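Okay, handing you the structure first.
Think of it as A, B, C, D, E and F in the order they're written, each chain with its own count starting at 1.
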Amino acid sequence: MEITFIQGLLIAIWAMIAGLDCWLQAFFIFRPIIVCTITGLILGDLKMGVIAGGLTELAFAGLTPAGGTQPPNTVLCGIMTVVVAYTNNIAPQTAIGLSLPFAMLMQYILLIYYSSFSLFLPTFDRYAEDGNAKAFKRLNLVPMAIVTLSFGIVAFLSAYAAQGPMRTLVNSMPHWLTHGFELAGGILPAVGFAMLLKVMLKARYLPYLLLGFVVASMIPFSNVLPVALVGAVFAMIEFYHSKDEEKTRAKIKELEANNQGGGMNDGI
Amino acid sequence: MEITFIQGLLIAIWAMIAGLDCWLQAFFIFRPIIVCTITGLILGDLKMGVIAGGLTELAFAGLTPAGGTQPPNTVLCGIMTVVVAYTNNIAPQTAIGLSLPFAMLMQYILLIYYSSFSLFLPTFDRYAEDGNAKAFKRLNLVPMAIVTLSFGIVAFLSAYAAQGPMRTLVNSMPHWLTHGFELAGGILPAVGFAMLLKVMLKARYLPYLLLGFVVASMIPFSNVLPVALVGAVFAMIEFYHSKDEEKTRAKIKELEANNQGGGMNDGI
Amino acid sequence: MEITFIQGLLIAIWAMIAGLDCWLQAFFIFRPIIVCTITGLILGDLKMGVIAGGLTELAFAGLTPAGGTQPPNTVLCGIMTVVVAYTNNIAPQTAIGLSLPFAMLMQYILLIYYSSFSLFLPTFDRYAEDGNAKAFKRLNLVPMAIVTLSFGIVAFLSAYAAQGPMRTLVNSMPHWLTHGFELAGGILPAVGFAMLLKVMLKARYLPYLLLGFVVASMIPFSNVLPVALVGAVFAMIEFYHSKDEEKTRAKIKELEANNQGGGMNDGI
Amino acid sequence: MESKTDSETKNQRHSIFSKHEISMLGIRSNLVQSSFSYERMHAPGFTWAQLPYWEKIYRDDPKGLSRVMTDNMEFINSSPPLYPILMGLLLSMEEDHVDSQTIKGLKNALFGPMAGIGDAIFWFTIMPIVGGISASIAKSGNVLGPILFFLVYLFLFWTRIPLAHLGYNLGAKAIDIIEDNSKIISHVASILGLTVIGALIASYVKMKLTIKVGAGGAVIDLQRQLLDKIFPNLLPFAFVFLLYWLLKKNINPIWLIIVTFALAIVMSLLGWM
Amino acid sequence: MESKTDSETKNQRHSIFSKHEISMLGIRSNLVQSSFSYERMHAPGFTWAQLPYWEKIYRDDPKGLSRVMTDNMEFINSSPPLYPILMGLLLSMEEDHVDSQTIKGLKNALFGPMAGIGDAIFWFTIMPIVGGISASIAKSGNVLGPILFFLVYLFLFWTRIPLAHLGYNLGAKAIDIIEDNSKIISHVASILGLTVIGALIASYVKMKLTIKVGAGGAVIDLQRQLLDKIFPNLLPFAFVFLLYWLLKKNINPIWLIIVTFALAIVMSLLGWM
Amino acid sequence: MESKTDSETKNQRHSIFSKHEISMLGIRSNLVQSSFSYERMHAPGFTWAQLPYWEKIYRDDPKGLSRVMTDNMEFINSSPPLYPILMGLLLSMEEDHVDSQTIKGLKNALFGPMAGIGDAIFWFTIMPIVGGISASIAKSGNVLGPILFFLVYLFLFWTRIPLAHLGYNLGAKAIDIIEDNSKIISHVASILGLTVIGALIASYVKMKLTIKVGAGGAVIDLQRQLLDKIFPNLLPFAFVFLLYWLLKKNINPIWLIIVTFALAIVMSLLGWM
């Protein structure tokens, strides 16, 4: 089915709202499960939106922006999964793979902003030095406006303007390619986890990574809460151990200090 | 079916035996699994007694008297579950709920004894001071006699004398109420566990509580032995850690003592 | 079916190859899974050899020679399981039990060598003192030759020469006896584990033994890798703890040394 | 060298008590709760159990008997099945006329940790396991269930005898070992105990919702599609902690039982459970 | 005594800020990322959120305002949902005119560990759990899935208000506690975080071979007869570590995504997955 | 600076041994058990493997050769697959003419812990896992089972070569690392080893009763209704500990095997298993 101009506009507005939220990480309506649902609503197929939301949410679970990284953008991915499924009449599962290029496009736009917004810093600094609160507050709106607008434009172009070529593309894609995109959607979280590990993994935490992996692989349960609890158990046990050790170490330090003190006294 | 006077008397005698055991915690024939079985035997329906015993034992698992607390009494509960099921021809599962008021009655009688038996203490003390062993031994029989008798009377009245009103009551109870009693029987152990936690839970033991809960929830096994073994594993590991730490701490203390000793020597 | 002289010879040669490997523990072709397969190949029934290999490998999992112990010999057991199954047309499962006496025979021959080969040591020592490398190298071949030959002879006699009496024996064995041998095959690894425990078990490692046992009993998984990973997790956690403790202990030692040093200085 | 054989053959050489008498001490320990009161808990029963032995030791010393009786009437509360060890120990010291202050100190140092260990082992581990297994056999009407239960506890009853001998034979030698470890042991017993309690909450508290929420195509079964997907046994755990929190607020336990009943009946009435 | 009531009633007595104003601080904390740049991360948004309060404190002291603004423009990066605590804390100190060096030190000591804890809790635990549960409801087309998700995050949004009050009320008192524990807490948060990441790898990375190898009677299904028998989720784990190793070699993350796509498409083409 | 490049390029610049020769050391290490005897275990084979290298080092020093041969004829027992590291290490020291007492001390410090680690890894972890997986493929008659097994062990055989290079290249530098950690490492290897042994007991010892006890309506299947309800694999665990206890009483292992056979046959005869 085709997307009307009005629908395209509504999608753009929704992209701006969700996109700003994605930038700020406030309400978490930028997560696929919400983005897809609302997009489905706009296109008049709520149920498909909800289903796509469930599938996409799972595919993006590992791709968090923790530590200031930028994963493929969930807003664009959510919108385009529903749009591609809707306009090409294909299963959301396959559409996820096809929406990924859009998600990556937005990811790179945001990465550019992450780098280039440092251009605002000197001005911020000047206002700070001048104690000019009003100007400071005003300037703080500019980056947000840029981000919001970008989301709107990219979403409009992707969802409305590109639907013709998109359909041609999808129709001409052989099965192995669409299946390949599906597979990619399933493997993609690995990238997010690898990036997390680069930030967080030290040798001393390797056992816990392994523990979580083994326990999750062995218990047939649908979410990671049991494993998180096991992690919490080990964390708490370690907490009290560390506390005890700290006390011991503090005592030793005291003794060392006394010793040196004693040594100095001897010298007098 | 009705309970004959002889059966009522036999039940009273059995209640006295099991009740004394409950007071002393010696043979553990005061547990529902035994109490119900014997009561069933007295009423001529051993099989029902055994089944009721199994069900009631599980419902009372958490309600231990550890730490000197008093849970609803297992002897009365066991007897009355079988009696109620027998006289009203209902399933033991439902009867458990209906027997609970009797169990609680006995619980409160025992609680009163726990408090009021301190009245005997001055006399005990006097005999102790006088070194009067004979009198001391004699006096020690009195509380036991009181307890034993109380069990007999309460059981006789509950099982034999109250069976008429009991039947009327049960017949007039709507389904939601009997079902409610059933539910209560299933939830009741929570009270026992909460009381245990009040005595035993410190922040530093919270992880182990959680561990036991998570492991038991995740492994599909019919008893808590595997979890108890996991608990034992952690306990033993901690044991050796604590040993090591203790040694370290002992050494530090020695050093501190030496230091102060040294300081004093310096002063000389 | 009968074993031809050529087949008997081939088996003897294979026994020598696998036997030498068993002595040296180099390629691990002495494990039942390989020994049975090749023996099956020699007898023209590869498939049965492979199946017997799988079964025998599992039965011998615990019987490792770690620490210089000697378990029933896997080469003889592997060969004879296939031979007995082949010549008597019985299931490999039952044949394992019947091959055990041969495996134990070889075990005792090797044990005798383990003891008696110390007779070579004085000669080795003399060559070492003389710096006589050539003679030393030559002498080192002798024990290997003895072992290799023994394997050949024992295997030839067991597989070829003894097949007549063997068949008579098997045919005359009542069901309870063959079933008993089967059972013994299943219980046998216990011996290996008990021997391991004698070497390795100290009180402080008991929790880990228990942990492995409980986890393996609770998770329905076909190999011990998950448990090995859990063991690795605990081992790594302990590693870092021990490291920390070591540091603490080192500091305390330093302090003690300083203290004593200080004391001596005072004395001067 | 001397001291070794000394303690090994104590029972034979020095002891004024026969083996049978020590066994009887184990049996008598069953009455520690005979005159239980919150004020001093096991004190009278504890004294009663040891009384005949003191009578023998202080046959010609009424002052001594009076002193030891008075000393033992102080508050004491420990795990009943472990009393034989404690009593055996104290008796051997009393017999050796160890200073009464030392004995008191030891008694006070030991009964607390022993309560913790004993409860963890007897109430929280053995009872639910034996009870659970027997009950699962009994539930189908098989009388071997209660018989199994009875036999296990008969065995535990019997263990009081060897435990009394153990305590008596180890005597003073055991004290250092136990005293040194008592803090660690009660720490370790708490770990075991709380792990098991966590498991018991998951196994024995039964709460399952039966309602469905939502309307039209958007109906979910609250228990199976939400709670069980978050974590099994979530309600039992939460409810135990609600009660725990009420207890911490010094609400009387009786109220907890009433609350539980009220909740169950209301839930039944609403058809939510 | 005094000091106790002092801090308890701070909000009422000393504070120049109304309860409403402190609540607004929680709300304003939502904009910490407003002018995010890699150079200073949250600095401008962080300053912006607190600005109105400094304007009030330094109403008659332009120098003070300038100083505090400049101080806060330094690099800062922490977990967004925990900023309310941090800001509340700093505000109460600023109000008490605590030495600016102390405030800076504190800020620097706290934001790092708070990032670790917050990420472990919010990104790696709450999000996958809530997301996973909602998604499993949504997958069958049930709109209660997204609604549940939304409600949970609405609640988390709301928590910023009490957290701001918490930080503000605790004030300097909280500092010692947090500072003492910050090293241990970030250690402990890493343990939790990495355990969960391990579980996420097992749950969310999907790689399964579909090929069989061998010929004739000797065919095995690589995935089910080999890999799954070695360990479930072996491929996902190995692949994550391959990517991790590439990252360690300073390969750009963009390449990882490309490699992933290429691999998936090649595998699809070969019919291996 | 110098010393760094020094060790990095050792093989090229200083070493009198070619890469091929070091590889051959790895291969030669396969013969450590060639003249095994309980008196000195690997000593002759250990000496034999290193002999050609000493001949080269002490070409013009027969005394040296005699000394080093004699030194190495002392008792030694370690894990065969780890010998290449140890030998590589010792060779690099011998080549640098490190004091012979130091070398001896090092050798003695290392071989024990290495035995523990090696056994935990090779005997108790790799073998049962690879064996178990291959066997489960082979049990259905699939020849890929033994092939897989063979390939894995061929790979492990090959690792001796890089391990020899590793030991030789690290040289003395590695010693401090290993020596410092040897106590901890053997501790840690025991943890791993015993966990796996516990798992192996559960997986590989097969004992199941087939009898039912009781009469009439009160019949229970001992294995399924009692033992399996208490704990799965209870019999295997108990039996292993029975054997363990016998071994502790210095019963000869041969008796254990006889006892096992007798038990199995009696059980079969009675129809209990």
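Points worth noting:
Methods note: a contact is a pair of C-beta atoms (placed from the backbone, for glycine too) under 8 Å apart; a residue touches a chain by one contact, two chains touch by 3 or more.
Because the structure is a prediction, the values reported are computed rather than measured.
Common neighbours of chain B and chain E (chains touching each): A, C, D, F. The greater number of contacting C-beta pairs, out of the two interfaces A-E and B-F, is seen for A-E. Shared numbers divided by all numbers used gives the overlap of an interface; between chain E and chain F this overlap falls below half, so the copies present different residues.
A repeat of the A-E interface exists among B-F, A-D or C-F; more than half of the contact pairs are identical by residue number at C-F. Chain D and chain E, compared by their mean Cα positions, are separated by 45 Å. In whole angstrom, the spacing between the mean C-alpha positions of chain B and chain D is 11. Each chain gets a centre from the mean of its Cα atoms; for chain C and chain D, those two points are 47 Å apart.
Residue positions 47, 206, 208, 210-211, 214, 217-218, 222-223, 225-226, 229-230, 232, 234-236, 241, 248, 252, 255, 259, 262, 266 of chain B each touch two or more of the other chains.
Touching of two or more other chains is recorded for residues 129, 133, 136-137, 141-143, 217, 229-231 of chain F. Inter-chain contacts, as defined above, occur between A-B, A-C, A-D, A-E, B-C, B-D, B-F, C-E, C-F, D-E, D-F, E-F. Residues of chain A that touch chain E in their complex: 23-29, 31, 33-34, 37, 46-48, 50-51, 53-55, 57-59, 61-62, 64, 66-69, 72, 100, 104, 113-118, 120-121, 124-125, 127-131, 133, 136-137, 139-144, 176-177, 179-184, 186-191, 193-198, 200-202, 205-206, 208-218, 222-225, 227-228, 230-232, 234-236, 238-239, 242-243, 246. Considering their complex, residues 204, 206-208, 210-211, 214, 217-218, 234, 241, 245, 248-249, 252, 255-256, 259, 262-263, 266 of chain A touch chain C. By the touch rule above, chain F contacts chain D in their complex via residues 213-214, 217-220, 225-226, 229-230.
Within the complex, the chain B residues that touch chain F are 47, 222-223, 225-226, 229.
The touching residues of chain F, counted against chain B in their complex, run 217, 229-231.
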